[in-house]
Amino acid sequence: MDWSAVPGYVRDNAYLGIVPALIGLVISVPLGIACVRWRWLYPPVLSVTSMLYAVPSLALFIVLIPYTGLTDTTVIIPLALFSLCVLVPNVVDGLRSVPDPVRQAATAMGFGTLRRLVRVELPVAVPIVIAGLRVAVVSSISLASIGQLIGVYSLGYLIVDGYQRDFLEEILVGGGLIIALALVCDLVLVLIRRLLTPWQPRRSKRELLPVVVTAPAQARELSRSAG
Amino acid sequence: MITFEAVTKRYAGGTVAVDHLDLEIPDGQTMVLVGPSGCGKTTSLRMINRLIEPSSGRILLDGQDVAASNPAELRRGIGYVIQQSGLFPHRTIEDNIATVPLLIGWKKARARSRSRELMTLVGLDEDLARRYPYQLSGGQQQRVGVARALAADPPVLLMDEPFSAVDPIVRATLQDELIKLQAELHKTIVLVTHDVEEAIKVGDQVAIFRPGGRIAQVDAPERLLAAPADSYVENFLGFDRGIRRLSFLAASGLSLDDRAVVDDEDTSAAEAAQVAREAGEGWVLVADGGRKPLGWASADDLEAQPAGSRAGEARLEPYGHTFSVRTDSLRAALDATVLSRAGRAVGVDEDGRVIGVTSYERLRVAIHAAERAADAAAGRGAAGSATSGGTPSGGAASPGAAADGAAPAGRAG
Amino acid sequence: MSFFSYAWDWIKQPQQWHGAESIPVRIVEQLGYTALALLLAAVIAIPLGILIGHSGRGGLAVVNVANAWRAIPTLGLLVLLAITLKNFTVAWLVPLVVLGIPPILVNAYEGVAGVDPELKDAARGMGMTPWQQIRKVEVPAATPLIVLGLRTGAIFVVATATIAAYIGLGGLGRYIIDGLATNNYGEVAGGALFVVLLALAVQLVFIGVRRLLVPAGLRKQARAS
């Protein structure tokens, strides 16, 4: 087994997993804010993001090939679109999680709408948004390996090469490293959340596990908007 | 001075929350808006800082229509305290308090030191400054809320049921501290509550609302208790009105009997017995050398003593409750009298030395006189009790009979 | 050339529509794999989720597992089973079922656990046995979320089935994998187009199922909350 190339694949996979999640974040924050401000916007946005999410990643990669070739971008764009399905609900839930008295107090003290959003509502929403980011990063890292089928390199190479050469160890290393990478990134995000939110009561060690706070809430919302 | 001019708030669907409200809130005093749920008191409060906009009419703050100012700027000059405190969970206590100062451009250091000042003012340990709201109890959070509202030293403070969410013991403490704070700061406070006891305890002026957003009566608490404008107000004030009013009348007007007080060693039992028979309705109060009360002695017990014994050697009944002549109210005196086994209460000075004793008869006389004096004083001022449209400043809050600047007897009630 | 023109060039070829490897056949194959795997996953996950939700214990473990599972690379799992197991059917069916279970499990759990406690209390108070409580109160109330779980599960099963062509499975993924191997982008694009259409169609079916299964009152109530 050629270990020398592995760090490169890890880097590639990390890049292909983290960038889409960040792009998704950049899109979903304003989008989420809009969905909170204009409630009627939320169900159609949810429908669109969940329909996008329903399309297999491989198919989306292929749809983009004529336009973006066999590059990283071809993988990054679909994964970013997928991440919206998790991140937009989390941004919305995060903003809605700001207690009404807090919002009222801010207005009463003379905060304008924008300042209140930036100084009060978004900071309080951070824990829930990061929870969504964790899911987005973990899924993207895993899905990125599928890009190997169209020649975009990642740890998926070890899986594909292992299959072609009937080499079990390589497959296990590839799969294992993907899982490990995902879990490490998840842990890093937990630590980032701890740093950003010293104001939250410390829950028990449970919070280290990859728990998505709003998976149920998101499910509820999807069930509300669909059908 | 805050003035409501024919302010009305109508909601879609026809509900009238506030109906042509006219009200003047004088500077430097606590005006309490009180009434049942849905009577428009909170709506009225929130129209002052434009969290709600009136449908018609206007509100003047120091002569200027609040609608003319930029809302955010207006609010930075008005303190606002709500029931659930609404502290920013993501900021430390000191940064929470410093919110408005920082908003209007103070340097961080100055704002934080102001926070600490205020923490001391509202009775919070400075150790709590770097903590977060989730680490504080409900009562502590409310204090932070008040400190935050006062941070930029606004002349006006709006309080919306600020103490309703804490338990009764904490609530009483917070009310007392608000009174003390106000005595120091003299802010214009407008406080909304549904609890008429709180209104009477805390308010310099109380506005009682009717359902439907109209005012039934605006007056000083003592005047409300003395002369409710109609049966609605009377019912709203609750029973016991007469006795509760006594909280506002000073005990210093009571005439006390000092004849029936004897020294335990200087007086013989026989002499004491004689005093008891003549001056004390069969009882005499025995005091020690420092004139601190020891107990009541009955004439019978004294006469039964062996010859030559001192008054202090006789069997003494507990002297019961005392009241402080200078600072307590007639209500305290009445209460002490009721509780005392001898049917007589002992009036003491600030050091606990007996000045004299009172009786039901003396109380009756004093109460009657105090009430008449209070009514006369109220009548002499501008129109006292009023329905919508009256000015509350006439119902002066000073208790009628107190002559020597006794501290507001009502608070000690 | 655009994606659609590539795809169309290939699709309009008549040979794609006849024979054992034609588009209709592949579509049916893909639907078949999906239905089978989803059914198996549902049979395992729904009762399990309901039981855990009813008992109120182990919920945290459920949610943790479901989310940790997202880290598992689909391709890795497929290839691993293909190499280590002689049995081909197991090699493709197991990953499809395994990857379909977590969303169904979580949603079934959430659906039952999230039933209004007062409702559950009333059921117990009326003397219903646990089985009756589950059947008459908790499952009906949990239906919307269970359907959502199936819908989400379908997403993962369809996606995994598509990729499973890599280890030899039929279905629409076959076009993609074969086309990539022979550098025939038309075939790849055509396959991808149908995959997209099929995936969206499956979603629409579930949306329709929800409308049918969930009483209108519950739907409106959910929307209003």
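Note that the chains take the letters A, B and C in the order they are written out, and that residue 1 is the start of every chain.
To be clear about the criterion, a residue touches a chain if its C-beta (ideal position, glycine included) is under 8 Å from a C-beta of that chain, and two chains touch if they have at least 3 such contacts.
Computed from a prediction, not measured in an experiment: that's the story for all the values here.
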{"item": "Chains contacting each of chain A and chain B, listed by label", "value": "none"}
{"item": "Chain whose averaged C-alpha position falls nearest the assembly-wide average", "value": "A"}
{"item": "Centre-of-Cα separation between chain B and chain A, whole angstrom", "value": "57"}
{"item": "Separation of chain B from chain C, taking each centre as the mean of its C-alpha atoms, in whole Å", "value": "68"}
{"item": "Centroid distance [mean C-alpha coordinates] between chain C and chain A, Å", "value": "20"}
{"item": "Residues within chain B bordering two or more other chains", "value": "none"}
{"item": "Chain A-facing residues of chain C, complex", "value": "1-3, 6, 60, 63-64, 66-68, 70-77, 79-80, 82-84, 106-107, 110, 114, 144-145, 147-149, 151-152, 154-155, 158-159, 162-163, 166-167, 173, 176-177, 180, 185, 188-189, 191-193, 195-196, 199-200, 202-203, 206-208, 210-211, 214, 219, 222-223, 225"}
{"item": "Partner chain C, residues of chain A touching it in the complex", "value": "50-51, 53-60, 62-67, 135, 138-139, 141-143, 145-146, 148-150, 155-156, 159-160, 162-163, 166, 168, 171-172, 174-175, 178-179, 182-183, 186, 206, 209-212, 215-216, 219-220, 222-227"}
{"item": "Touching residues on chain B, where the partner in the complex is chain A", "value": "49, 51, 72-76, 78, 80, 82-92, 99-100, 103, 132-135, 145, 148, 158"}
{"item": "Complex contact set, residues of chain A against chain B", "value": "99, 101-112, 120, 123-124, 126, 197-201"}
